[in-house]
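By letter and in written order, the chains are A, B, C and D; residue numbering begins at 1 in each of them.
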Amino acid sequence: MQVKEYKPLIVAFCCNWCSYAGADLAGNNRLNYPADVKIIRVPCSCRVNPTFVLRAFQRGADGVILCGCHPGDCHYTSGNYYTRRRMALLFSMLDYLGIERERTRVEWVSAAEGAKFAATMNDFAEKVAALGENKRLEDLRCKK
Amino acid sequence: MQRIGVFVCWCGTNIAGTVDVVAVAEALKKEPGVVFSANYQYMCSQAGQDLIKAAVKEHNLTGIVVCSCSPRMHEATFRKTAAAAGLNPYMVEIANIREQCSWVHKDVPTGTEKAIILGKAAVAKVNLNVPLTPGESPVTKRALVIGGGIAGIQTALDIADAGFEVDIVEKKPTIGGKMAQLDKTFPTLDCAACILTPKMVDVAQNEKIRIFSYSEVTEVKGFVGNFDVTIKKKARYVKEELCTGCGACTEKCPMKKVPNDFNLNMDTKRAIYIPFAQAVPKVATIDADYCNMLKNGKCGVCSKVCAAGAIDYTQKDEFISEKYGAIVVATGFNPISMDKFDEFAYNQSKDVITSLEFERLTNAAGPTAGKLLRPSDGKHPEKIVFVQCVGSRCDACNEKGKEYCSKICCMYTAKHAMLTRDKYPDTDVTVFYIDVRTPGKNFDEFYRRAVEEYGVHYIKGMVGKVIPDGEKLIVQASDLIAGKQLKIDADLVVLAAAIEPDKSARPLATMLTASMDTNDFFTEAHPKLRPVESPTAGVFLSGACQGPKDIPETVAQAGAAASKVIGLLAKDKLTGNPCVAQSNEMMCNGCSTCERVCPYGAITYEDKEFRMPDRSTLIRRVASVNPAVCQGCGCCTVACPSGAMDLKGFASEQIIAEVDAICK
Amino acid sequence: MKFSYFPGCTLKNKAKDLDNYARKCAEVLGVTLEEIENWQCCGGVFTTAKDEVATKLSSVRILKDALKKEQALVTVCSACHNVVKQTNYAIQNDKEFAGKVNRYMAEDEYNGETQIYHYLELIRDVIGYDKVKECTVNPLTGKKIAAYYGCLLLRPNSVMRMDDPENPSIIEDLIRAIGAEAVVYPYRNECCGGYVRLEDAKLSDKKSNAVSESAKKAGADVIVTACPLCKYNLEKSGCEIPVVYITELLAEALGVKEDTNE
Amino acid sequence: MSNSKKYLQEELIRISGVNPKKCMRCGKCTATCPAYDEMEYHPHQFVYMIESGDIEPLLESESLYKCLTCFACVERCPRSVEPAKLVEAVRLAAIRKQGNNRLTANDIPALLDEDMPQQAIVSAFRKYTK
């Protein structure tokens, strides 16, 4: 029997001004994190509609992480506060549905925190990998 | 269907070292919409860009995906390339396969696999891209400066010098601000009036500058380049255009007991007054609270003596509407009230004064004609104690003072001490300090001169209590270096009161939607790189409204703010970011949710007529986004319960397509 | 109007005048003071230590008793007022302390609900100086009175909230209301030496002398206080002008002084 | 700082509820202290020595019993350090040790006089005795 190594699929939404730049800095400093993490650039973390997160899980993502500017540092002054509240609601609903809390996360990463970005992704990927594949929300019709 | 070209960059070995670029190009060729795929050593080089341009022409491309470094690096470059090839620049998407792929992953198979996925996501997005055109808005080529102190004056002069019209709104009857009240300025000891009043005259004589004195801004609407401002001209009961400033009325007015705020109420003025000799505009003003004619209709002396016929007791507040392209806030500061610090006996003894009061006491135009005399008995004080940091550097939970360092006190106290010793060498001068902060140019040299040449006695320690004792003030203080508690018999105690933003700043910030910190100082767009701009586009900051500042710093910032304003007004049209929110009116249900979350006030609601299928018309309330104001954060798109709001360039459909591509 | 009233131990012994006159005057001014039953000593000083709980329980019992009767609490002695008020503040603002206190007490939970008035605050905020003026039958015209606040009435202001801690006027306003002249002097909010008299009488003398000298220099005929220990320290240190309780002067003005002399 | 010093420091901070790190060393507490002349260590030194862990000399010092608890330093401190609370914490640390009571019931008769209010004795007991 052939055992295929399980690799989690992680979608990371990063705001353009802080976290995406933080991810770039992680690259500049050659700080490794798993290739399982795929970044989608959004102008602000508040652009992330909860349906995007649900869509990712539906399509087979094992973890979704949102990164934004630190509270008080939002390029758009208050966007990350909306993110924090919206995601708190969404995550508690996902929890209710049986999606483990560890599969979702909101993290503040500034443009200067390349190391924090890499560390966050390593930690998140490890936690998600430990949980195994996410099947609960996966829409089987999406499978080929 | 789009016709997409994919261009994979090697970036020398930066990408090609960990990513099999040929494989990536091959794989992406199979993606829907992709009609051309290529790889090249340096896509950003001239040759690379030429390759893209040629491909656009040859393959009739409608969209471009560049797999390269971060879009923060070269997105602008490739957009220009696309534009040069006749494509809409917003048809370009970047897959970041360097910073977020080749540089963080070690082996080629992993890197290649991830690069392909990132490329697919970009292709999926471009398939849904639409050409975008940045909005344009006209610019009203006139600036408004709020506040007529040295900050406002300098900003206005610099803007006018570049040929633009400027209006100054000043709430007091004259411009000049705090600097007009000062005697000498540190560290050069120039006389403040000698360097300020010529600038005030320049303002008055400059054809490009209008002064609205005794006026306030009451309403601000609009956005960068197009502000509509309402200014209230308070009734001064004197026709400005007729008054010659001769001063006859101010000599004859029988109401003599009006507290003179220009001298910090240390003497009196008449009910009709000109604040000081060099006032600009030099026009009299009636204080309605004290004028007998206005209070009970009995008097009219000023009207009789006015040869110009300028007195008008029937004058009313007047509201003026003006349009501006840029607004500069220069509302300045005030010393804080000493009411909560009565351990220093400010309210118990006339001989405990603030530094600004001391400034008036030493000013030749002040209440004592420049002679340093005690307010209580007019005697010359032989022993003066200066207390620094009164209300500055307090703990955040301390309800009395301010958390910040007021910055200017160390230097003006050294100045006061030095000038006192210079004019009255027999005077004993002691300064209590916690730290002496002198980081400006020639500042520490100045402070050392006060100590070494002028013999000012500096004691490290703080005053705990001032005890009024007959004619004397017993100053109970600590001398931390000698390890003593001192009791000094002083004749005059001068408190270096903390400074705070002017009270008018908070309501103004609300009108401007400009943000403030917890101390009511205006916040800057970036604390280091954009220090004179407010985060609100078109609003600029000058002087102490942004933080405590001395005169050289204020003037420097005033000039910087002016140059930013000039840069803005020099444009005929403002091009915005095309990635702004857009409401689908057919789906909007008029709930106002988006309006409430928008940090910029970019969304308004309007009643619109819709033609129904049965040809009847229906009036519905729908959201409308002002593209010149919208900054494109997208907060409203998520808040909208009906999904009517979307963000151009980052449409929900596009982001979902990226999610799908990654999760495939 | 009825209020719960806590006289404290000193007022039951050495400072009976302070207590008796306070009650008499209150009646004249239309306020009834109902003494709390079975009260205990407040402890005399408030211990600022966070881990001292048992020493503060007697104050809590007083506060709870007033709450049970749904009355605000009135105190006269400066020391009692300081202790009770600081204890109440600690219960309101320190959850951990409140929790410990409530675990000690058998009955219902107490969370700092009781409102506390010092007698002077009662006059200023509830009765009003106009009422005092109205009821004054024997105005003390021409008398020069120096108010001595000491420390406990005013500090710490974040808790006590009685008046400006550095430039108060609450006693002076009362002095003026009964027709006398208020003498303002700089040492009125300085310490008399307090309980340290037992440890170091010299220190206490020095502190008290500074206060009485300052009042005398300002031209006072008499010093008034609301604290038995302040009165004792001033007198003990040889104050040359009389020191009386503020309630005694008030009783004189309101014409009820003779009644209470037994 | 040795472990025992650190423990004592933490204990004092816990008892007082005060953060000595907030001090900006202005010396206003010492300027305002009415018992200055009688004290060996002054309020600002209490704050500084507790912050630096040099607490033993304070425990031995007579200054502990000279503080009048008048709260003048608490009121006037611009940094909300509240030195009187630290003095109280050190005093408690000293008298809570067995046999360290400053005042005993046997001392009282000698100190009493006709007019002394109960309040004085009660207060002194609270401050000097455990």
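Keep in mind that, in the parts below, contacts are C-beta pairs under 8 Å (C-beta built on N, C-alpha and C of every residue); 3 or more make two chains touch, one makes a residue touch a chain.
In this text the structure is predicted, and so the values were computed from the model without any measurement.
Across the two candidate interfaces, B-C and B-D, the one carrying more C-beta contacts is B-D. Annotation: 62 Å between the Cα-based centres of chain A and chain C. Averaging Cα coordinates per chain places chain B and chain C 51 Å apart. Taking each chain's centre as the mean of its C-alpha atoms, chain B lies 48 Å from chain D. The mean-CA centres of chain C and chain D are about 25 angstrom from one another, to the nearest whole unit. Touching of two or more other chains is recorded for residues 37, 72, 75 of chain D. Counting partner chains per residue, chain B has residues 343 touching two or more of them. The residues of chain C never reach two or more other chains; the list is empty. All chain pairs that touch, listed by label, are A-B, B-C, B-D, C-D. Per the touch definition, chain B reaches chain D in the complex via residues 343, 389, 393-395, 397-398, 400-401, 434, 460-465, 476-478, 480, 485. Here chain C touches chain B in the complex through residues 158, 164, 166-167, 184, 186-187, 214, 217, going by the rule given at the top. The part of chain D that touches chain C in the complex is made up of residues 14-17, 34-35, 37-38, 65-66, 68-72, 74-75, 82, 84-85, 88-89, 92, 102-103, 111, 115-128. Note for the complex: chain B touches chain C at residues 339-343, 345, 347-348, 399, 467-470, 474.
Residues 70-72, 96, 98-101, 103-106, 110-111, 113-114, 117-118, 121, 515, 535, 579, 597, 599, 631-635, 637-639, 647, 650, 652, 655-656, 658-660, 662-664 of chain B are the ones touching chain A in the complex.
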